[in-house]
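Each of the two complexes below includes chain A, the first together with chain B, the second together with chain C.
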Partner chain A sequence: MSTEQLSRSVRGARASVEARRPAGRPGRRRASLRTRRAWAFYLFSGPWILGFLTLTVFPLGYALWLSFTNSDGLSPRTEFVGLANYREVFSDPDTMTSLARTGVFTAVTVPLSLVAGLLLAVLVNQPIRARGLFRTLLYLPAVVPPVGAALTFKMIFDRDSGSANGVLDLLGVDGVSWLVDPYAHWVLIMLTLWAVGNVMIISLAGLQDIPREVLDAARMDGANAWQTFTRITVPLLSPVLFFQVITGVIAALQSFAPLLISLNSTPAGVTAVPQDNYLYMIHVFAQTFANGRYGYASALLWVLFAIIIVITLLIFRLSKGAVFYSFEPEKAKKTPRTIGSAR
Partner chain B sequence: MSDSARFSLDRRNFLIASASAALAATALPGCAASVNDSSSGGAKGGGTISVMTTEDPKTFQADAQKALGMTIRVMKYDPSKLNAMLASKNPPDVVRGIGALETPYFAKRGLMTDLDPYFAKSSALRTTDLDPVNDLWRFDGQKQGAGPRYGMAKDYSQDSMFWYRTDLFHEAGIDLPSDTEPLSCDEWLDLGKRLTKRRLGKVKVYGLSAGGMGTFAQLTSLTASAGGSVFAEDLASVDFSAPEARKALQWILDYTRADIGPNVANPNPDGWDWPTYQANRMAMATDGYWFGGSFLDDPKIGELSRFAPAPQLGSNRVSPCFGATGFWIPRESKNKDAAWKFFEWYFGGKPAQDRATGGWGIPSLKSLQAKMPQEKPFQKQAYKVQENEMKYFSTLSFTPYAEVTALEAVLNKVLPGAVKSNTPTGKIADELNQRMNEQLARGKELAG
Partner chain C sequence: MTLSRRAGVYMILVGVLVLMLSPFLWLGITSFKAPSELRAVPIHWWPHEPSLDNFRQALTRIDYLSYARNSLVIAGLYSVLITLSSAWAGFGFARLNAPGKPVVFGVLLSTMMMPQVITLIPTYLLFSKAGLVNTYMPWVLWGLAGAPYLIFLFRQFFANMPKELEEAAIVDGCGQVRIFWRIFLPQSWPVIATSMIMSFTWAWGDYLAPALLLDDDRTTLAVKLANGYATPNGTPLNNLVAAGAVMYVVPVLVLFLIMQRGFVSGVATSGMK
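For the complex of A and B:
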C-alpha cells in the first residue's frame, strides 16, 4: 500500500467514525472524560515519576558513566578507561572475597530470619492470653532504628565493659573480644536477626488470611497439627514467604550493617570493619570514600545490580511450582474485576 | 483539532515532560548557588556562609553571627559528605581540616583557595605573627611548607608526646617519666605492659594508648625518630622495607600484639582517649598538649595527670605535629570574602583568645602564646615540658597523591590479620608497600 493510499484510508476511517458519532456534546464529553482521567492519573503518579527520574534514573546513568572512568571525584584529569574497572572487579581479590562473604551472609541470615519470623508468627497467632502484648514485644525491636540497635549491641558486646562479658565474668569464664574477628560475624548475624519482627508481622498477616474452614476441614479429615501446618498452612502462606525471600535476599546483598557495629568511629572506620564482616557494600563504600575511587566503586555497584537481578530471576524460576497462588495471576490480569462487575 | 489531540497527554509526552523536569531539578542546585553568590553581600555584613566543623554550634555560632552580622549555617564535619560536596562543586564556604595531612592532597587538585591575597590585606591576621606550624597549610605543587597558604591552624600540638596518670604509676610502684628526657620506645612499651591490668581475658586498665592521631601518623613519626622516612623523596611511594621504617613497623606490631591499649586490631570504640582516661582505665595516652584542655571538665583528673616528652625509636630526637587542625576555604566557595571575615574573627578574635587560655593546644598566633594557662600545677608542668619540647619540633611532609584515610585503610586491612597469624614483618612490609604504592600510583596518574 502506498503512502497516499494509506492516508486516504485513514481519512476515510476518521470520516466514518465522525459520521457514526452522535452530533454535539457526547463525543466531546467522552474525549474530555478521557483527558481528565489521564490528567488525574499523571497528576497522582507524576511526583513519583519525577522523583524516580531525578533520584534513581539520573544517578544510575551518572554512575554508569562514572564506571567507565578513573574518576576520584576530585581530580581534574578524569579519563575514560573503557571496561578496565569491570575487569578489575573480577580480578580484585578483595572484591571477590567480600562478594563470597556477602553470599554466605545472605545464605545464613535470610533462611534464619524467615524460619524464626514464621515460628514467632505461628506462636503469636495462637489463642493465648496477652497475645497482643507478645505481638507488640516481639515486633518492638524491628521499630528501633538500626543505628540505635547497633549502639546497644556495641555496648552489650564491648570486650572490657560489655554485659555479655560481664555474664561470662560471673561464670568465671574468660572474656571474649566479640566485636573483632572471629566473633564479630556472629554479632552481625544476631543484629540482623534482632529485626526479625518484620518477618513475623508479615507472616502473621498471611496466617490470618488463611480461611479457617480450610484448616477445620483438614482436621476433620484426620490431619494432625504438623500435617496441617506443612500441607495446608505453609503452601497457602508460600506467596508471602516468597515475597520475604526476595526482599530479604536483596536487603542482605546490600547490607551495610557491619559499619554500624564497627569499633573504629574515625573517618577510616569503614576500612576498620573486621575482615569477617567486610561485606560487598562495605567494600564499595571504602573504595568510594576512603580510597576515592569513584569510577571503580560505580562499576562495583553496577555489578551488584546485575547480580541482584540474576539472583532474583533465578529465585523466581526455582520457585515455580513451589509457590501456591489461590488464583491464576495471568487470568486475573486478563479479566480484571471492577466495581459493579459480577463475581 | 479535537480536544483530545489538543490536550494530548499520552505516556510518551508525559515521560518526556517528566524527564525535562527532572533534568531541570538536577540543575537547580547550581542555579541556587548562583543566586546565593550574587545576593550574599560578601564581607559587607549580611549574607550566609556555611561552615563544616566538628565543633558544637553552640560554642561559636551565635557569637559569630552577632560579631559578623551574617548568618552562619553549621554542618557537622563528615569526610564522606565533604568529598561528595567537593565532587559536585557545591562545598561549604569554610571547612575544618587537618593541615598536616590534607593540604597537599586538596591543594594539588586545585580545590583550595589561595589565601595569600587575603593575608596581605588583613590587619587581624598578619603573616609575621603566624607560628611556623601554619606552614603545614602551604603547598607549592610539589611539597608542603612552601608556596601559597591554603588555610590556617587554630592551634597545634606535638602529637607524639603523652599524658600519664600519676595515681596509676604510684599504684604500680613505677617511677614517673622525666619531664625533659624522652623514654626510648622499648622502655615506653615495657611501662605500658607493667601498667596494664587484666582480669579473665579482659583489660581493666590500659597501660598505653600509643596512636592518638592514627597508625599511619605514628609510623611516620617513629620512622623519623629512627632517622628515616616512610615516603620516598618525591612523596609518590612508600617503603616499609627500609631499615628505619621496618623498625617502626616492628614496634607497632609488638605494641598491637601486647594488647595493652587501643590498637589497629582492637580499636577504641570511643574514637579518642579521653573517656577511657577519665574513667581511670588508661595510664598513658599519646595525645599532644591539646589533651590538657579536657581536664577543665574534670579538674580532679588534671591534678593526677602529667605531661611527658615524645618517646624516641632512634637517636634522631624529633617531636612532630601531625595535625595543625584549622580551617580552609574551598575554591568553589561562593562567599569567599565573607568566609575570610569568619577566618579573621575565628583565628584572630575572641575565640582565639579563649582557646589560648583554655589549654586546647598551642595557639597558632605567636602573639597569643603567652596566654597559655599556667595557674594549676598540671598546667605549669605541661607548659614547662612543652616549652622544652619545642626545641625538637618538626613537621613531616605528607603525600599529595592519597588521602590519609586511604593509607590508613591499607593498615586496617593488613595489620589485624597479620598480627593474628604472626606473619613475618618483612612480608607485612611487602604487602603494605604493594597496596599503598598502587594507591599512590593511581593518585599520581590523576593529580599529575
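For the complex of A and C:
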C-alpha cells in the first residue's frame, strides 16, 4: 500500500467515524433522518428507474408479446400464434445465414480492433516527440458520426470516382465494384476498423494507470520489453481489455452499418444491402420495414437478445482467472489523463 | 530508447496516420470537384478547377439549414436534459443510502450493456401507437430518463467529493435537493461538459432513431444526408454528398479539437470501470 493510499484510507476512516458520531442528537431524530435519506435516494434515482421501466423494460416486454403474434402493425386481427415465429426463426435460411455472417463479422472485427488498438496505445505511450498530436489525430476518425464515416467510405470505394480504384489503377490492376458482392464486406470491415481510436484511447488510459514501479521492477529483474509486455502489461490491462471485448461483441452483433454503406440508405431500402453484408440486424429491418412482419421481427429481436446475454455470460465465465483485478477500486475511479497530457 | 527503435515507432505511427487520415482527405477533395471530374478517366487526384459550387448547391438542393436546425434542436434538447437527469440520479447513487440501493445500482450497471438497437424497434412501434412519432417528444423522454453510463460518470465524480460539504449543509438545514442543486452540481463542471459533449455528438450523429421516428421534413441532417442528394432515378450525386458531409462532420471535429479533454475523459472512464 502506497503512502498516498494509506493516508486516503486513514482520512476515509476518520470521516466515517465522524459521520457515525451521534453529534449530541437524540436517537430518534437520527432514525428519521435516515428514512428521509432513503426517500431522497428514490426521489433522485426515480426518474431513471421510471425511464428504464417505461423505455426499456416495457418495449422489450411488448416485443416479447408481439413475438407470439402475427402482428403486422396495421390489420386489427392480430392473432396469437404461439411459438410459430420462433419455429420460423430457426428454419428460415435467411436468419441462419445472416446469423452466421454476423458471427464472422464479430469474430473478425472485435479481435482485430482490439489488437490494433492496443498496439497503437502502446506506441503512443512511448516517450516520443509529438505523441499528443499522434494520439489526437489517430483518435479523430472515431469522432466522426457513423453517417459521415459511411458516406466517406462510399466516396473512397465508388466504382468510378473512388480513390481505392484509383490506387489499383496506379498499380496496374483493374478496378472493382467495391460496394457490391463480393467486395462489400471488406468495405464494411475497413469502416469498422476506422474507429479503432476508441480502443486505443481506452487502452491508453489503462496503460497510464499501470504503476511505473511495477514495470521498473520487472526491468531490474532482467525482463526484456516483450516479456514485460506479455507478463506485466497485458495481465494488468486485462480488465480494460475484457470490458472492450464485451462492449465490442455486443456492438458488433447488433451492427446495422451495412445499411449506411448500401446504395439506398433508408430503413426501407434494406433490400439494397448486398448479400455478403446482410447481417442479422439488417434481416430484422427487412422483416420490420420492408415486409411489415412485426411479430416475426420481434421474435428475431428476442433471439438476438438471448444470444447477446448468453455470449456475454459466456465471456464472463471464460475470462474468470484470465482477468486480473489488481487495482484498488479507488484507483480505477480517478479520471484518466487526457490524450494531450505532457506525461 | 535506442535511436533505431525510436525511428521504428515513428515509421509505424506515421504510416498508420496516413492511412487513417486519408479518408478525410478524399472526402475534402471530392467536395471541391466538379461533377464532370468525378467521371474522369484516369481519376483526378486533385480537383483541376476547385470551386465552392458544390457547397452552394448542397445547401440549396435540400433545405440544408433547416435540417441542420432540426439536428441542433434535437441534440441540444437531448443533451441538456440527459445531463441534468443523469447528474440528478448520479447524486442519489453517490451520496444517499436506502434499502434496495445495491440492487438498483446493480441493475444500472448491467443496463450499460443493454443492446440499444434491439430496444429501438419495439420502442418505435410503441411511440407510433402513442402518437409520438414525428415529434421531438421521444428525445425529451430519453433525456429525462438519463443514461446509465452518464449517471455512472456523475456518480464517480460525486462519490469522491468530501463529506464535509454536505454535512455543513445539513447542519444549516439544507434539504437534499438544495444540496444537489447548490453545492454538488456547480462543482461538477468537468463532468457536465463531458456529458454534454458526449450526448450532443451522439444525438447529432445518430441515424436510426430519427430515421424511424421522424418524417422527411422534420428529420435530422444525418438521415437527410444519407439519401438526400440523388438524381430522380436514384444515382447519388457524390460531389454534393461530399460537400454536405464535410459541413456535417467538420463541426464535430472542431468541437473535438477544442474540447478534447471532455471527449476523452468520458470515453476513457467508460472503459476503466
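Just so it is clear, the second predicted complex is superposed on the first by the 293 of 343 C-alpha atoms of A that agree within 3 Å, B and C clash if a C-alpha of one lies under 4 Å from a C-alpha of the other, contacts with A are read in each partner's own complex, and residues count from 1 in each chain.
Please note the rule applied: a contact is a pair of C-beta atoms (placed from the backbone, for glycine too) under 8 Å apart; a residue touches a chain by one contact, two chains touch by 3 or more.
Bear in mind the structure is a predicted one, so any value in this text is a computation, not a measurement.
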Joint occupancy of chain A by chain B and chain C, clash or fit: clash
Touching partner for A:Leu236 - first (chain B), second (chain C), both, neither: neither
First (chain B), second (chain C), both or neither touched by A:Asp169: both
Touching partner for A:Gly292 - first (chain B), second (chain C), both, neither: first
Which superposed partner A:Ile246 touches (first chain B, second chain C, both, neither): second
Chain touching more of chain A, residue-wise (chain B, chain C): C
Chain B versus chain C as contact partner of A:Val110, first or second or both or neither: neither
Which of chain B and chain C A:Leu123 touches, first, second, both or neither: second
Partner chain(s) touched by A:Val81 [first = chain B, second = chain C, both, neither]: neither
Partner chain in contact with A:Ile156 - chain B first, chain C second, else both or neither: second
First (chain B), second (chain C), both or neither touched by A:Ala184: neither
Shared chain A surface residues [contacts with chain B and with chain C]: 34, 38-39, 42, 49-50, 54, 58, 73, 154, 158, 160, 165, 169, 263-267, 288, 294
Chain B residues within the chain A interface of the complex: 2-4, 7, 9-10, 14-15, 18-19, 21-23, 25-26, 79-80, 83-84, 86-87, 106, 109-111, 199-204, 214, 264-271, 281, 402-406, 408-409, 412-413, 416-417, 420, 439, 442-443, 445-448
Complex interface listing, chain A residues touching chain C: 15, 18-19, 34, 36-45, 47-52, 54-56, 58-60, 62-63, 66, 73, 120, 123-124, 126-128, 134, 136-141, 143-156, 158, 160-163, 165-166, 169, 194, 197-198, 201-206, 209, 240, 243-244, 246-247, 250, 253-254, 256, 260, 263-267, 269, 281, 284, 288, 294, 297-298, 301, 304-305, 308, 312, 332-336, 338-340
Residue numbers on chain C that touch chain A, as the complex places them: 1, 6, 9-10, 12-13, 16-17, 20-24, 26-27, 30, 33, 37-40, 42-43, 45, 85-86, 88-89, 91-93, 96-99, 101, 104, 107-108, 111, 113-119, 121-123, 125-126, 128, 141-142, 144-146, 148, 151, 156, 159-160, 162-164, 167, 176-177, 180, 190, 201, 204-208, 211-212, 222-223, 225-227, 234, 236, 238, 241-242, 245, 248-249, 252-253, 256-257, 260-261, 263-265, 267-273
Partner chain B, residues of chain A touching it in the complex: 28, 31-32, 34-35, 38-39, 42, 46, 49-50, 53-54, 57-58, 70, 72-78, 94, 154, 158-160, 165, 168-169, 172-177, 179-181, 263-268, 270-272, 274-275, 285-286, 288-294
